[in-house]
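Next, two complexes with chain A in common: one pairs it with chain B, the other with chain C.
After this line comes the complex of A and B, so read on.
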């Protein structure tokens, strides 16, 4: 069964097309990775799924019901974990969760139980009576999640839930995501951390310029770029012009320079490593290490979009 | 929908009024407004006139009787001083006025042409008028006796003695002066109008505050829609203002015992109508603001000046005509006009036009806010 079905979705802001005839399906029980660089159309899509933005055209169905025609049903089955914290700093953790759960019609004992469950789930039971302004970044993120899950939605959209937090809180959240999924929730997960997506997502879509440019399991996505090799060269002091020169070498598709590390995606069939290294040395760069890696999701993303996910 | 609205109202009220400082802000300040009115108008009661007397016609009965007459006047306290002391104490405001009786005064009165008497004051007619009118009446009577006796001392003395010992029957009736309490209640309401408007903006600003902390968008992604959310804000606003009105009227009538000079129920009705206007204005301010800071600035620009021009802080009667004409376009003025009319004895039917104008203000502002809210679209920043 499809939990989310997007067909021909388009959103225009004046002349600018933010989402361009997008079609997408998320099946029940999936943790669906939704990847895209900033401005790719990811947030606009999520806003439309959350009924915060009206599509210019197209159709969105949640649990097989059109969200414009049965908005209440769609919203009751949807939980949103926004990237930026959306909690009341002057209300306790308990009051925050209870307030947002109450918006979904929960009252009385049921509201109390669900609130306690949600706080328990994110590990904040002992902080129920504390104000979020005294919380660490990770605790606030967990509270942000609790506010979205107390009403037990079928579909949860998590937008960058681990951004800017310590590794311990990140692990806690990733475990929570898996546990939520195991309890029957379908999750749409966006992140700038490719390793997270690779670790927890069962299927992934890559969006660029408002369109889905690739979709499938991580293995399927990786298999689309068997013709590409991922070379990482660490130099002593990289020169800014290096990327431009390297792109002229036959077989080189993309060159990314991150401080002293130069990442090159090149045609696997073209043997050009020596030429690349020679070029760098000719330009006065001292090579420290060379590594040819198996393609991963980041390689796929770079190859398909020409951009880094953090761009 | 009403269940959702009520849920939002209760939760927001609880969160807002958790702090004691908020309670003081919303309910303490309007009470402080009544206290301010008490201080402003409470000191306007009967005051004592301090009169310094320089009696240079010493030893003369008529001069002594004149001083005694002044002494006997209500609210007048007489102090015997020298000429120099009089000048000094008038200049230092230790005395309000001075009565100078020069030598020859008694003789001039006896001859029928009063002279050698003067009243001095640095505070002008408002201080001297009362004493002048009373004193001159007395002197004229004695001078008339002098004219009738036509220089016959025995006859004058006979007339004068009879006048002094005359047994007048005076019937007095007390009239309760309600003007001060009316002014107090009028001014208390003036302050209340300002606090109602400020509170309304402050509560409507919660919409902006929740946009800034993004909870607004989380609310909108739930089954609550924007209309329900704004309606809950309006209802919460009206509840707070209703409480403000009840508290102020209670304190005014029961605690401070100020008689508003009109039925309290009518005052309550007018203020309730004004609460609708306040909410509608606050929504316009919020609809046109992109941040709480901007709403605060707009509120400062709108609320205080319009209250000032409408007579919320001092009676509009002291303002020039041009400003009075401007105040016709301000809802606060229509409330105060209605209260003034009702205080002056007009029935509720006499203020129907004022109430209709107030209602029209509310409708127009609500429509403007609705139009502007409909065109706002800030959701792109949510996720």
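After this line comes the complex of A and C, so read on.
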């Protein structure tokens, strides 16, 4: 069964087309990774699914019902974990969860039980009566999740739920995402951390310029770039113009320069490593290390979009 | 139910915000104390009705009204109020404007009309209150005359002649002092202050990121709007009530005998102020709206007499125009008559203006909100 169906979705802001005739399906039980660099159209799509923005054209169905025609049904079955914290700092953790759950029609004993369950799920039961302004970043992120799950939605959209937190809290959240999924929730997950997506997502879509440019399991996506090799060269004091020069070498597809590390995606069939190194040395750069890596999801993303996920 | 949940959440947050409490409660109470003490001598604490001079023009050519009014002036004269006939060729309004009389009364075929002095508001209100009482009695007599003409005299005879004064004069043992004035003026000002937090009513949700949760919940935008407006009204009205209670029992300020009417006027003012703030926040994006609302509120407070009495409101010119434009002036004027003149009917023009503008501002806010994506 499809939990989310997007057909021919378009969103225009004046002349600018943020989402361009996008179609996408998320099946029940999936943790669906939705990847895109800033400005790719990812957030606009999520905002339309969440009813925050009205589509210019196209159709969005949640559990086979049109969200514009049956808005209440769609909203009752949807939970949102926004990228920016969406909690009241001057209300206790319990009051936050209880208030938002109450908007979903929960009352009395049921509201109390679901609030307590949600806080327990994110490990904040002992902080129920505390104000979030005294919480760490990780605890606030967990409360942000609790506010989205107390009404037990079928589909949860998590937009960068681990941004800016410590590794311990990140692990806690990733475990929570898996647990939620095992309890029957379908999850749409966006992140700038490729390793997170690779670790927990069962299927992934890459969006660029408002369109889905690749979709499938991580293995399927990696298999699309078997003809690409991923070379990382660390140099001492890289020249700013290095990338432009290297792109002219036959076989080189993309070059990314991050301080003193130069990442090159090149045709696997072309033996051009010596020429690349010579070019760098001719330009006065001292080579410190050279590494050729197996393509991963980041390589896929870089190859397909020509951009880093954090761009 | 969602509306009440959202309203309750608003009230809870407002009362937990120390800055809001200090600004909305602490500041006006301290200001009331400082201004009330500092400007004690600026108020006529020993005002007596013996100072009142009223000029009268009777164009009825005699008759029942003229006779009844003559009897009334005779009784009122015992309290020291002087009623002078308007000399031929003189203009009654000009006489009042030139401060020679506190009121100008005109008797005509249409009834009694009063032109009061804004420079002597309290004195004018006393006369107005007495005239209202006289008019009530006269109307009663006229009604009796239609059914039982023989009983007309009984209406006027039923009670001492000084009833006019007993019913309507201010408490014989007190006169309005500076604390009384500032208790009223600053309470009305606090009512108008509802405009300032209202400017951020929706913006705060957007800034905190919680607007996303509200909009994605199965709650209509109209419910969110109504809940937040209701919460804002209740919170700000509670602030007004706290100020009244504090001034009444701690500063011993006089609030008259019609507290229900006083509260209705102030509630309608809070509704108008909140609607004003909300409309500005919808019509002007960003922090500009907050700055403009703050400026407007301060100017209205100044011209409305919140900081010191401004008495030229009935006069012409720009100053008179600005004074009459201030919602604080509407409330002050109406409530002064209710409290010191016992004239309950004086409250309704203020309530009407407040509710009328509230409908206008809320309508504008709703129109913009419906067109917007998100909140």
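The definition used in the following text is that the second predicted complex is superposed on the first by the 311 of 311 C-alpha atoms of A that agree within 3 Å, B and C clash if a C-alpha of one lies under 4 Å from a C-alpha of the other, contacts with A are read in each partner's own complex, and residues count from 1 in each chain.
To be clear about the criterion, contacts are C-beta pairs under 8 Å (C-beta built on N, C-alpha and C of every residue); 3 or more make two chains touch, one makes a residue touch a chain.
Please read all numbers here as calculations on a predicted model, not as lab measurements.
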Is A:100 touching anything from chain B or chain C once the two structures are fitted on A? First, second, both or neither. both
Examine A:43 and indicate which partner it touches, taking first as chain B and second as chain C; both and neither are also allowed. first
For A:75, decide between first (touching chain B), second (touching chain C), both and neither. both
Once the shared chain is lined up, is A:85 touching chain B (first), chain C (second), both, or neither of them? both
Indicate the residue numbers of chain A shared between its chain B interface and its chain C interface, in ascending order. 50-53, 71-72, 75-76, 78, 80, 82, 84-91, 95, 99-100, 102-105, 107, 147-148
In the complex of these two chains, what residues of chain A are touching chain B? 43-44, 46-47, 50-53, 71-72, 75-76, 78, 80, 82-91, 95, 99-100, 102-105, 107, 147-148, 157, 159
Of all residues in chain C, those that touch chain A in their complex: 1-2, 5, 9, 12-13, 16-17, 208-210, 212-219, 373-374
Which of the residues in chain A end up touching chain C in this complex? 50-54, 71-72, 75-76, 78, 80, 82, 84-91, 95, 99-100, 102-105, 107, 147-148
The answer for chain B against chain A in the complex is residues 3-4, 7-8, 11, 15, 18, 213-215, 217-225, 377, 379-383
